[in-house]
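Right after this note come the structures.
Look at the two complexes coming up: subunit A is in both, with subunit B in one and subunit C in the other.
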Partner chain A sequence: MRLEPKPTPGLATTLLYPAGAILATIVIASLLVLIAGASPFNVFWLVAKGAAGSQFALLETLTRATPLIFTGLAVAVAFRAKLWNIGAEAQLYIGAVVTVVLGTGAVAMPTPALIPLIMICAMLAGALLLLGPAVLKVRFGVDEVVTTLLLNFIVILFVSMLLEGVLKDPMGLGWPQSKRVIADAQLPRLIQGKRLHFGFVIAVASAVVMWVVMKKTTLGYEMRAVGNNAEAARFAGIPVNRVLMKTALLSGGLAALAGFSEVAGLKGNLTLDLSPGFGYTGIVVAMLAMLNPLGVVASAIFVAGIFVGADAMSRSAGVPSYIAQVMVATALLTMVTAIMLTRYRIRWK
Partner chain B sequence: MEAFDILLTTSFWVAAIRIASPLIFATMGELICERAGVLNLGIEGIMTAGAFAGWITVYAGGDLWLGVAVAALTGVVFGLLHGFLTVPLGLSQHVTGIGITLLATSLTYFTYRVSLPEVTSPPKIEPFQPFAIPGLSDIPLIGPALFNQTPLTYLAYVTVALVAWVLYRTPVGIAVRAVGENPSAVEAQGISVTAMRMGAVAVGSALMAVGGAFLTMSAFNSFFFEMINGRGWICIALVVFGSWRPGKALIGAILFAAFDAYQVRLQQVTGGVIPYQIFLMMPYVLSILALIVVARRATYPKALMVPYQKGER
Partner chain C sequence: MNAEGGGEAETVLRLSNITKRFGPLTASDSVSFDLKRGEVIALLGENGAGKTTLMNILFGHYVADEGTVEAFGKTLPPGEPHAALAAGIGMVHQHFTLADQMTVLENIALGTQSLFAPRFDRGRALARIEELSRDFGLEIRADALISDLSVGERQRVEILKALYRDARVLILDEPTAVLTPLETEALFATLRKLVATGLSIIFISHKLNEVMAVSDRVLVLRSGRISGERRTADTDRGELAALMVGETIKEPEVVEHSPGDTVIELVAVSTAGRAGGAPLDAIDLALREGEITGLAGVSGNGQAALASLIAGTTKPESGTIRIRDEIVSDWSARAALAHRIGRIPEDRHATGMIGDMSVTENVISEAYRSPRFSRAGLLDWKSAEQFAETIIRDYDVKCPSPNARVRLLSGGNMQKLILGRAFDGEPQVILANQPTRGLDVGAVAYVHTKLLEARNRGAAVLLISEDLDEVLALADRVIVISKGRLSPPSKRGELSVREIGERMAGHGFADGVTDAA
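For the complex of A and B:
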């Protein structure tokens, strides 16, 4: 078999294959639900209800989507320039550490000054964390996939060390957790008494900003050029290495905002289970959005809905909530296949 | 001087070889894939799936060797999936590999919960027991380390020899290396690049899965979530460190494992002055440092991560 490029696909094919990918994901998940001894219709109904069936469910989905928008943007930006940042998890935690360090009383400022200061510092920390692997890639040819993956483990151990050492809350009854951030450093809730917080607004705004950067600025153009063909970009006079550095700074900074928003907006303090793999799920979010920053918002809400819905479903239907992770991973693989099929035709001969 | 004395204890070297064994399997697996031109980032998930598949087979009443076979078969299934998506379909090897890791890991956890819904702590199995090779195991220090291990460790030695022999001394191995360097030349010989690459990824993934199974069936006797703990990613670093050569990769794996065994013991000697997390970080830091040292003169297989289209150029 061989692949042949198709003429520019029409709107119908552009939508047909991704729809097929979602269908395939549902079919595969249904088989697993059957194996687990439950009825797929019932399970998917419960997932949908748990994700969007009530005001509470919807708000919960948007709350869960917030960090995924940030990590999804981080991955989308990096992958566009073919900088394989698999380390959003580590950058998230570094952002959270900075938030806790600055937000627990070390700096006294009114909220309108304090929150931007924390955001900038958190972004800087995340940016610098990804700059390391980017420099190693450019200077020494070290594959950034492996270095960013290994850094995830190093940073989580580093956070664990801080939480049992200098950042440990003396009033925490011995648990490895930090002190709570002061009221001035907290992001307001969007609706009184609900969990959805201002971080969601920042996330959506970041997506809009990133869309503008990617589509309307020279940097965005250069990033796409480097991602499409680094050799050609270099030949065309684009400073490839410098573009990769800027990409790394942007991507690391965005991922760090996920940690900032989770601590300052939702949890209030830092624990080792702050992120149940938001960094890795960000890869799926970005791919489902075909690396489009605005698409990231939609796909983050979709993925968050699956997770929130599956949690609710597993409580009542008894199918393990890991079905959500399986669906998300399957969606990733079927979606990249679907995107390929919209551009190429398979010839069997 | 205590820190140095560790190196002279038998238990240290025994532990080093035990820690090296799963890395040897998985590193050889990744090496085969990459030699054929396919980066397999599914390794971490495939090791997780293999660890579970082997263990649950034995828990369900199967023989230990049947467990190893089931683990290998699980690896083949995920390997074929990765191969199909990246070789004939030519999808990004990075994205697909991460996808395979996410899929294999989540499927494993899902299956675990479905098959053992009620358990709070994972049940134990009777794992492989050490088997002293008569004569050889009496050599001081290295005898017990190398020759008083479980049969799976001996299988790891055999695997390295076999991989080296096949890659360098057989027509199949030469073809595998050639599809990773110059696929069109191989196609011109009438050999299918797709078939060679798919085959290499399937066999390599089987080895990764057996590496995972070593943890649940030989090093420990139970399956835990997150038990692979980055070992797959470390193996990817070891392949680069070993410049894609089985012998060098073996030495890398043993050096790495010795360092890992050493840091655990050093932790006890230093008696809690240094936070234990610093020691736990060391293996990952070491992997990055090793990559920096060798990366400049690393000679990648030329067609690594380059999809091949029949009839192009």
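For the complex of A and C:
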């Protein structure tokens, strides 16, 4: 079996294959639902209703999508320059740590000054965390997939240490959790009494900014050139290493915002279950969006919807909510296959 | 070379009506020919004429849409690479297929033994190889590692490999591309000996001289069809060239004129060693206004190091670079561009262009920071697109639009884009590294014309080429590179091809270094 490149794919194939991918995902998920002993139609209906069937469901989906937009953007930006940042999870936690350190009363200033300050510091921390692996890659050729992945474990254990030590809330009944951030450092809710918070607005605005950066600026041009063909970029005089550094700073900063927004907007404090793998899911989000920053918003909402919907579904249909992860993973695989098939044709033998 | 006498020779290979289509492109259009015992056929054609497609069908890598391949009277099953080998057809590819860290003997015997064979009779294999190499003038040390061999020697191993498997038909794909003139002559002598024993040969080439020298019969391919078949004795270069191209393409004429001031000068420059070729060893080189300096040499002797040095992608390890009498201390690709050096890289796909980006995005890659294309970090796509359209118009680039991905362009059109980008702003130095490799005759003439235009308006041109004919046709003076050292320059016509060939093999350098290659 081998792959032959196709000429420019037509509009029909560009639409047909992704549609086929969605269909294949539904078929595969249906089989699993059948094995679990439920009716696929019922289950999908319940997932859809749970994700977008009411104001509550919709707001919950958008709330869940917020950190995924940030991590999805972080991954999309890095992958565009072929910097394989698998460490958004670690950058997210570092962003959360900075938010807690600065937001629990150590700095006192009015909200309009305090929140931007915390944001900037969180971004800096995330950026510096990814700068290390980027320097190692550029200087010594160390594979950043390995270093960023392993940093996730290091950082999570580090956070765990902080939560058992200096950051531990003395009033927390012994739980490994931090103090709550003060009111001045909290992001406002978008609708009174609901969980959706201002972080969502920041996330969407970041996506728009990143879209402009990628399309209109010299930096975005450099990143795309380096990602597509680093040797040609170097030949043309593009400072490849410097571009990779800038990419790392940008990507790490965006991922850290996920941690900031979860703490300052939603949870109020830092615990070890702050992120149920938002950093890793960001990879899926970015790939489904084909690394387009605006696409990241749509795919983050889609992925969040499946997770939120599946939670609701499992409560009423008795199918484990793990089905959500299977669906998201299947969607990724079928979508990647579909993208490949629009570009290549398979020849047997 | 055909040992004639004894009537009509036996047909060893017959291709009948081979047709192969790739989408709208017909790569091979009902091609038929016979190969007789003891005959040398030359398959002549430009790049993209369908030579490789035909060989891939013969070897079962592609399945033909129509037509059959018969070897020694039996039809080969389509799509089975082993069938051709088993039938006694051997191929020497342009890019060798040898395992570097194994010996000559091991490489030759590789794959001839069943996995389950109890043991390998090394002595017999060795005796066989020695006999073959003695009979056909293919001198080689059987216990040498491939990585220690020169390119010419590696080619001998490839030929031995085919002979060891009892090949009765030998196909050589552009075998002289990597050889010095002397090595080429040795190869031809070997081929003559092989033919004398009844072997048949298909010689694939686009070089007319060689085709005239070795073949009995010439088949000319043009856009997938056989555009002509001639007995070599009854034809001449002119006729073959016309058959190959379909129209006569005029190569530009070189008008003598005297060079001006030195623009760029390298003084005792050495570079650090790196994979894929010799580093530069304390070379001196001065390029002057209005002069094309041709750099001839066998591949891997430091051309890559010199090219990337002048392009700015490597820094000198020692020595100085002087541009217009000013010593340049901080050397980089950007510095080279700032000093108005126009660069044509060796590999259009890998270094010249970014395949998945558009024509517009590619043509601004060297100048996107200039105020012409960006202000305060924001790109001016309108101006960039205008620039792309100008190049498309001025250089006659065939592409659907400035937004088309460069990957979809042909090699010739890609090269025109590179020329347009490199020649923008009238560079004072032009580095042209293998500027015509893989281009068809029309595009070659176009590139040559543009290089001469640049020289005539006063640019200093360095033309690096492994095609000696190209160097001799264009260069005002020729320098030979061997093992990272430069020969003294010789004026156009001062040295014969043979003398240049000797220098390419490492003889006759100024300081008396005469180590044989």
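Just so we're on the same page, the second predicted complex is superposed on the first by the 348 of 349 C-alpha atoms of A that agree within 3 Å, B and C clash if a C-alpha of one lies under 4 Å from a C-alpha of the other, contacts with A are read in each partner's own complex, and residues count from 1 in each chain.
The rule is simple: contacts are C-beta pairs under 8 Å (C-beta built on N, C-alpha and C of every residue); 3 or more make two chains touch, one makes a residue touch a chain.
Quick caveat: nothing in here was measured; it's all calculated off a predicted structure.
In the three-chain model built by superposing on subunit A, subunit B fits alongside subunit C with no clash.
By the document's definition of touching, neither partner reaches A:L11: not subunit B, not subunit C. Taking the C-alpha centre of subunit A as the apex, the lines running to the C-alpha centres of subunit B and subunit C meet at 70 degrees, rounded to a multiple of 10. Touch criterion met: A:Y221 reaches subunit C, while subunit B stays clear of it.
Within the superposed three-chain model, A:L173 lies out of touch with both subunit B and subunit C [touch as defined at top]. By the document's definition of touching, of the two partners only subunit C reaches A:I238; subunit B does not.
When the shared chain is aligned, subunit B comes close enough to touch A:E164, but subunit C does not. In the superposed model, A:A108 makes contact with neither subunit B nor subunit C.
Comparing subunit B with subunit C, the partner in contact with more residues of subunit A is B.
Superposed on chain A, the gap between subunit B and subunit C at their nearest CA atoms measures out to 5 angstrom in whole units. Counting contacts by the rule stated earlier, no residue of subunit A appears in both its interface with subunit B and its interface with subunit C.
Those residues of subunit C that touch subunit A in the complex are listed here as 23, 79, 311-313, 332-334, 336-337, 343, 345, 350-357, 361, 365-366, 368-369, 374, 377-379, 381, 405, 408. Across the interface of their complex, subunit B is touched by residues 1-3, 32, 35-36, 79, 84, 86, 136, 140-143, 145-147, 149-154, 157-158, 160-161, 164-165, 280, 283-284, 287, 318, 320, 322-323, 325-326, 328-330, 332-333, 336-337, 340 of subunit A.
Those residues of subunit A that touch subunit C in the complex are listed here as 7-8, 216-219, 221, 224-225, 228-229, 231-239, 349. Residues of subunit B that touch subunit A in their complex: 41, 81, 85, 88-92, 94-96, 98-100, 102-103, 105-107, 109-110, 113-114, 117, 194, 229-230, 233-234, 236-237, 240, 275, 277-278, 280-281, 284-285, 287-288, 291-292, 295-296, 298, 309-311.
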